[in-house]
Amino acid sequence: MAASESWLVEELERRGVSRREFVGFCGVMASIFAMPRTVGARIAQAIEAADKPTLVWLEFQDCAGNTESFLRAGRPTTADIVLDTLSIDYHETIMAAAGHRAEEALEGVVSQKPGGYIAVVEGSIPTGANGAYCTIGGRSAEQIAKEVCGGAAATIAIGTCAAFGGLPAAAPNPTGALSVADAVPGLKNLINLPACPANAENLAAVIVYFLTFNRWPPVDRYRRPLFAYGKAIHDNCERRAHYDAGQFVENWGDEAHRRGYCLYKMGCKGPVTFQNCPRVGWNEGTNWPVGCGHPCLGCAEPDFWDKMTPFYSHIAGVPGFGVHATADKIGIWAAAGVAAAYAIGGLVQYGRRMVHAKAEEEKGGQS
Amino acid sequence: MTRLVIDPVTRIEGHLRIEAEVDGGMVRDAWSSATMFRGVEIILKGRDPRDAWAFTQRICGVCTTVHAIASIRAVENAIGAEPPANARLLRNLIMASQMVQDHVVHFYHLHALDWVDVVSALSADPAATSRLAQSISDWPLSSTDYFRGVKGRLQQFVERGQLGPFANAYWGHSAYRLPPEANLMAVAHYLEALDWQREFIKMHAVLGGKNPHLQSFLVGGMATPIDPDRQASLNMTSISHMRKLIRGAREFVQQVYIPDLLAVASFYKDWAGYGAGVGNYLAYGEYPEVDGANAPLYLPSGVIRARDISAAEPFDQTKVTEYVTHSWFEYEAGDGEGLHPARGETRPNFTGPEPPYEFLNTDGKYSWLKSPRYDGLPMEVGPLSRMLVAYVSGNESVRQYVDYALGQLGVGPEALFSTLGRVAARGIETLVLAEKLENWLNELQDNMGRGQLDIHDNSKWDPASWPKDCSGAGFHEAPRGALGHWVHIVDGEIANYQCVVPSTWNAGPRDAAGQRGPYEEAVVGTPVADPEQPIEILRTVHSFDPCMACGVHVVDRHGRELVKVRAQ
Amino acid sequence: MNTAASIDSAAASAVQPQVIRVYVWDLPVRLTHWLLTGSIVVLAITGFYIGHPFITAPDPAGQEFVMGTVLAIHFFAAIVFSLSELARIVWMFVGNKYARWNQMIPVSKARWRSAWEWLKFYVLFRPVTPRFVGHNPLAGMTYMLVYAVCLLSALTGYAIFSVSAGIGSPMQVFSVLVPLFGGLQTARWIHHLCMWLLVLFVIHHVSCALLVARAAKNAAIDSMFSGYRFVRPEDLEAEEAEE
């Protein structure tokens, strides 16, 4: 341990990073978790003390968007993570080895470090066609996931595809795609980091949290860490004041849009989406989707491709009436229909009552 | 005859498998197979066409803008929306910065390790490395101390014994030819590029909220409001930020990427003789310079056949057909047919071995990719195609830099038809676009100054304003090549959607006539010194910059029931 | 239980010799009816605004609070609505015989037969109503459905509210319902649809009340204020015989 600590301190100093700056970085990590700054010192100790933990990153039915997001990590940077923090022994998109030698690296981790590595899964796992919809090295995604995640100390399902099934699982789910939780049932220490893609800051924070406290952060009912997914985007949004005031964008590029009014009427799903985008931003806090004028798509929520669509309507239509028929349009027509039916019925009944009364009258007159 | 399998092909996007027959130290035959399928087009059916860009965007997270652009263009073409000038400029900025960032990442992080021996860098002399670096570039990070630091970091990384992503590679292979100093310089720039790409891509955060999967696309325009007098809009703060990023990118490309490329290439000139491929080149063209349909493109469209660079013939989209003879799909009229995408049909039909398997049956169907053909011919798409077409069509910048690069390496234009030519063309394109980016930024700034703030064609936003039945096509040049989306809209819903993607063109299997796809053709004839360590095959395959998630797609015609697959 | 219906034939015969005046709707029934009516109207109008904000405030955000105010009104109306609904459900078990749950859910064969007669009355626009005193069985069943819609509406509303509820707020309990409704966005959708179902019901209810009041000449509408309704003596006898 002493050797690795001195290694880190030397390394940092040689790269012009003082110990103070390093502790400062850990303080930033602590503030992401809203912990007191003194905890930063503890994180610093933990990172220094640890041998580089092993991480393997599996890609299944994915688009590599989470890998790209990981490459945008700035605090700490990807280079820091790859070279200093973790030993990333398998990651198809960045690893130098290829073919069976790449697979040997994965097999080596699984067989030599049972229960001693972190597995990251990106992409959903198809179960259709006996697994032929995604194979790597001739093995199906499901076979690989069961073996690798089953032997891991902990598994991170990164991105909405791995966490909830995502795009491949959107209706009609042509390939029988499943989330990690569903494809590998009973997995211990599984944490979901949904969003499309997951924010690099949150991935870094989760890893540092795990390394520091040796446990996952508390999670919500969808296994998402509360520090990143504990609050609705709407409740944190920089445009919230415009919502409460009743000020909304009505057309793209109009005065309200340029002034940064609320995007609720353009279909924003911020009120039903839980993530810290407005708080931490993307690409080292440069911006976030609502900040650039586009409504939130709700990408961190389960089944968002089916439940949050149509994206430009704040509420979905009624099945069977076409994609553009809103509940309001149908409701107004139904209300008019019911009113008309009763108006006609009332007239008919009135007529029949007149006839009935006349008949009664005549019957009375005869008696 | 040795049958070798590379699966997974790493340092690419997606899941690619190469099977090759090697005899006498050379590849005699090869098969390219995509091993992942999602069915995005099936999922798109019946949805709002204005949502389609977000779905197709998720086809690929590496080239994260390209399917969104092709999709909004296809839908705009169908419904008749006309995005205003600012939308065109915003899109050009987004597309070109994607191209620049993606090419640099490809060169350093996906491709360099085929040419650069990281372990050899450990024996480099920092002072000699510094002299080498300073002899080829003015880049300031070039002191002896700097390279000593990088070497020290690498040394300690290796000594710690956990090689992580650098383990199990072919270090020390005889095909690595760079001197230790060049290797050390490349390792230093590998790390610098990792930081640079993270910084430069903030362009996309400014213009699209985030990267990957930026979120400012709209059918009919863009969602980024422009107003120099509002803090919630793209204003002068944003322009200044982007100007800084663009200039930084230009410097990095001019002073690091291009010198490195030429330095590495000078040690591997024999690779101008390998990996030629099919010799037919297709480009749809990109970067409209004015608004409206058929606008002149900065990088023109065209077709080059059989390496004839005397002139490019015009591209005619009706000549595109797709085959499924060797793909895990089936056609109603028989698997020997070739169908135009607008009439395309596909039903997944997996006939391969049940996993786990050792070899694919390459006499039958063996890939999730179809085989697109142009006028019956396999076509290579990508930077090389674009640069050849632009060169032939007389683009000044392209001509200048192609001639410069050929002159520096002392080779003739025929050297372009090769693995090395592909690598060089990618670098030249990056340079041309890095220098062009600021022009579009200036145009955008001028529009702002004139109070021209439109970003969207509102007249076609309401689906009630669309024709009841309409079709459209959207074309785009992605970093990896020519990309086309076709959409059919009925009653405001997607009736049919299809994508013909660069990696389908390049990585597709054989067609009905048995013609190999570009990867397969390019790999044939590649020398393989050690079949256990087929680094030479990787060099050629990587030179195309494979992006498999993009390539695998399925087309569904006229609501036909597809194979139903149920989750177990 | 016929003590609950006080008969004042003298008063009734002064108006119309053939009918008698019966005290049908006791006070809690009338009170909850009108509180529900009022709150549904307020909830529907504010809810429609929340779903589709048709007024845009012009001034700086800090000086306006249109959506905020509408939301606050919506929440207060929701409290009235929920408590009224709850009170009415309690009254189904302790109120008079016309307020009872078995007026809503037909358990006897006679009420099922009567429901069939009422269906024919409505569908065929018959001029004369079948015999009844309190809720007619068909209307009773409809009200049961309406209570279910009201309950669903309230629960989805609580679920949506729960995720932003304050520290220590008991409303947080309702967040367990979110996955049962298929997520927040779907809960929102159900909530929105419930509003339209209630709007449709209100149109139907008012129209029917008018139709029945005209056809039966029983002061059906006035009865929701006074509690008294005019009933043909044979209807009352038939009802008593039924028990």
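By written order: A, B and C. Residues from 1 in each chain.
What we mean here is this: a contact is a pair of C-beta atoms (placed from the backbone, for glycine too) under 8 Å apart; a residue touches a chain by one contact, two chains touch by 3 or more.
Keep in mind it's a predicted model, so treat the numbers as computed, not measured.
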Could you tell me which chains make contact with chain A and chain C both?
-> none
Please indicate which chain is farthest from chain A, where distance is taken between mean Cα coordinates of the chains.
-> C
Whole-Å gap between the CA centroids of chain A and chain C = 41
Rounded Å distance, chain A centre to chain B centre (Cα mean) = 26
Would you kindly tell me how far, in whole Å, the mean C-alpha position of chain C lies from that of chain B?
-> 63
Mind pulling up the chain A residues that touch chain B in the complex?
-> 4, 7, 11, 14-15, 51-52, 54, 59-69, 71-74, 77-79, 82-83, 86-105, 126-140, 143, 166-168, 170-178, 182, 196-197, 239, 251-253, 257-260, 281-284, 286-294, 297, 305, 309-312, 322-324
Show which residues of chain A lie in contact with chain C when the two form their complex.
-> 221, 232, 234-235, 241-248, 250, 256, 264-265, 269, 271-272, 274, 298, 301-303, 307-308, 314-316, 318, 327-328, 330-331, 334-335, 338-339, 342-343, 345-346, 348-350, 352-353, 355-356
Can you list the residues on chain C that touch chain A in the complex?
-> 48, 51-53, 55-57, 59-68, 70-71, 122, 125-128, 163-164, 178-179, 182-186, 188-189, 192-193, 195-196, 199-200, 203-204, 207-208, 210-211, 214-215
In the complex, go through chain B and note every residue touching chain A.
-> 5-15, 35-40, 42-43, 46-48, 50-51, 54-55, 58-62, 64, 105, 109-110, 113, 118, 149, 152-153, 156-157, 160, 162-170, 191, 194-195, 197-198, 201-202, 204-213, 215-218, 220-221, 223-227, 230-233, 328, 348, 350, 352, 354-358, 368, 453-456, 458, 461, 463, 491-493, 533-534, 538, 549, 554, 562, 565-568
